[in-house]
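Each of the next two complexes has chain A plus one other chain: chain B in the first, chain C in the second.
Here is the complex of A and B:
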């Protein structure tokens, strides 16, 4: 077992970043569906055994377990188990390795691909209870996203009502691919619950929609699909701006995870321009989209993509130092050298990126 | 609002060529195509109409077909009158060459839900309309070829027919929303004919393709559709690279209309990250993803990027040019649409003269083979 992670663990090497670190995206994995049995009624355990229900299908299609980006080789458990599946592993490889002040856990397990509505709700409840028992209650540094069965809006609301007041949950995970664009009014009861519990909406990679992930059907290659997922994020942010989510919910907070930030200035400029030309068609959007982004939305450093550090610094300058939060995206494996990235930033930006922006946004 | 004098006609191409517009639109009016349809499809049209699925966006108020309010000619249908467009676009702005992209020809072919031979007949009519009413009215018009791109073999026949008719058909028109990402093997006949004829393939936003326009369902507002025009191009670029199309057809060239360009550099770096990470898939490629851009992808100016701080425009241009793309950006007007970019005012004056000369004339002259900059060999 090793903690070496080129480009990431060097953050804390001598001469590196010595200030506080808040890591807003640490992924954890449910080892197997049997792990969740203690958090279900006997009837559901029988249901699962009798029907041979396993890990929800999109866990493997969104993250094929041997794809290049899913786990850094040094983070694969020596016993062949699932990466990032126990607190001990995560402490050694992530929390202690870059000495976090706080870390936010995201457990993407493909619940969006469970079509049986009651089973989906059951699994979501079990995952949230498992996160409380096995993670949040055992390490004060941890916070987490709660998961919801998003195909049934009322069940998503009920799950937020059930556990949303737990002090460990700071966010609701909403995968970027959904059956409807996130601005649509059907989602608003979910947003009522998110806002009422003072939670953040965390838009993550993955999810299951009612069609392919691009406007032109299914990509063939995983790399192509991964790169093009940027387009779904663009659609979702455009939708939430256009439909007036941020006017209806003045305190709404949206964290956009797993997709970096290099692409955001270009989108903000286009939205501003289109808004100038078309605001009469969406009159409730009463301020420039870039202002909405700055007031309500934050992005993360992960992945840095293969942009030269000086260009990443330029994107950050265009976007604003307050807009980006450090995320390791543990245990995923992306290129990107955080030391060189930090070195390319103005000194004023470094503490904001590494901790201050997240502390303020998530109220940690 | 410009005043259009229909009796003032200046059909001669000015020399030297100084201003090329790579995207204007001719839009057939209700009766424009009737003379060019075969009798059986004329009868079919009269009984069933064009039923192809096209989302009925609520258009901006007072903007028929999303066109400028002053672009409606006396005949009543914007983009349908060659002499009106000539006066309002070419004469007014001193445009020497303009490439027509027939919007209805592009979006009315969804790849399904109407008889394929009917679609092919409509596309032949669209192209004949350009040939016999636009090319003959003014030597400055060029046109993309309307094709049944979801039926590539039929499309190839039409491409060959058009290029045999006139060398003023200068590219193949495809929607950004295709049935499958455009690098899919399904489209190989198009890559083959484009390579053989040296014709670029033009992506224009729109179409339906039987897919939703986002990866999470359909949007509600025109604003959303219009803001996310880059999406289909992102998808196509990722697909063309990772499917190996650009390795097998190294001469293929694509031009993205109305998609912007400030996203190209960050997206190229994202594609590089994907290749660095997914080495099993990327080992099939001959180059790093970003290295394909300069040889294969061209971008157009309209709607011109407007960074929050105008000083960032030149920074963004330099970043784009730094990827080797200084020759890969071309002025486009998008006439007669409501968001038309005037060549007089749209491009920031802060851009250096060499870059302005390149995007207003030289790049397009080279790209379309209009001859050396400053001449029109046709």
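Here is the complex of A and C:
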């Protein structure tokens, strides 16, 4: 039985989009920590058993699996297992359903919430090897983000050095909430490795910082935290632009995932405006921030915000047709009528959004 | 073109500016290390008086953490929004091609020469090399003067 979400399969319905589709954000989940045992030394398996280590805690707090927005009901496995946890499920529900040319897998499993630095590095290595074995090596359509133990910069670098040259890895997943804002120079060794391996930095939902998940305190409710995370993305982009990441790394590519794009034009305008008068404080920013966005950063369609499709099309016009890539964000349950969204776009934009922008940006 | 004697050179400190008015319009006179420049005293953005801003040196960089500090105060920073303009050309830092303050030609003349020319033009109506109009500022033979060159 093929089931998939309204709004996504409609793209492929008669009269819909018949051209190529590249889906830049397909989430996959590690079924359980035992799944990773073949990719660890016996000593770490014992450690995990002795201490009853399970799924890293922030996987459950970032993506509470029974919340309605986290998994679309028809994508929950009938056997009660974890959604998006096997290639067979993902093929049937996503890859085949909207007939992808390529899909980029993003495995957010909350490794950032493992504070044991050596266990975190061990889990990151295991997840990457599992992605290679169980996914990349089994379906030519797939590419993936490699994961890193982001709390220890040197270990993140080592993991990029270890697997960053695998042809299936096109991106390094960096959760939006981090130990430090991503403009800080402490990240430079990680960026050196990302750039040296010609990878994209994929800034994704989730992560754990040293502080609360908003820049100014703790949200009280899940809905509040969920909706408010957009502000963290804004802070990170502002940090990376202001602190000169894109001047230091002229080939740096940043994909901003899981957070749509309607909010971006106003941020670009704001940064441009303030840069005109305050650029002396950040003199390495020697071009308008909006130009930096266009040269280095891409966004995705998911989630399509609740604006009518015609309004989203207007935001896209402000942002630029080259700036947005199609993402299903499978298996999350974002409402969004992609068919109407595409219909609202100028014809020139449709092939760019659905495949060309991603193909060029990720060099697929 | 008309030449207006607007100030003594010593009225404008190095790295500073003064505001003068000619025919109801305000101009800023700037002294960059002994070289004088003039701009219409009006920011092209929203009209602030540029002479109310600070004369500042350039700060440039090619990569985070590295600074190239200019040694001369070659920029005027608008007091309202901090936009920087090149005092010599009027060009803004952030959009040199399209956003610029209006630059005005300026000369420095010695008072003795000015006095002679002023006298000659009054006597003969000759136009060489003036006409110099001293209504704005009185001319003494011993000083050097800043002369604005304006269309009318």
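Couple of notes before you dig in:
By our rule, the second predicted complex is superposed on the first by the 362 of 364 C-alpha atoms of A that agree within 3 Å, B and C clash if a C-alpha of one lies under 4 Å from a C-alpha of the other, contacts with A are read in each partner's own complex, and residues count from 1 in each chain.
By our rule, a residue touches a chain if its C-beta (ideal position, glycine included) is under 8 Å from a C-beta of that chain, and two chains touch if they have at least 3 such contacts.
The model shown is predicted, which means the values in this text are computed figures rather than measured ones.
Shared-chain residue A:210: touches chain B; no touch with chain C. Of the two partner chains, chain B and chain C are each touched by A:243. Which of chain B and chain C touches more residues of chain A is settled by the count: it is B. When both complexes are overlaid on chain A, the residue A:30 reaches neither chain B nor chain C. By the touch criterion defined above, A:280 reaches both chain B and chain C.
In the superposition on chain A, A:179 contacts chain B only, with no contact to chain C. By the document's definition of touching, of the two partners only chain B reaches A:232; chain C does not. Common to the chain B-facing and chain C-facing surfaces of chain A are residues 243, 275, 277-278, 280. Per the touch definition, chain A reaches chain C in the complex via residues 185, 243-245, 247-248, 275-280, 283-284, 286, 288. On the chain B side of its complex with chain A, the touching residues are 58, 60-61, 176-184, 209, 211-224, 226-228, 230-232, 234-236, 238-239, 241-243, 260, 262-263, 265-267, 269-282, 290, 303, 305-308, 312, 315-316, 319, 338-339.
Across the complex, chain A is touched by residues 56, 59-68, 78, 81-84, 92-95 of chain C.
Partner chain B is touched in their complex by these residues of chain A: 67-69, 176-184, 207, 209-224, 226-232, 234-236, 238-239, 242-243, 260, 262-263, 265-275, 277-278, 280-282, 290, 303-308, 311, 314-315, 318, 333-336.
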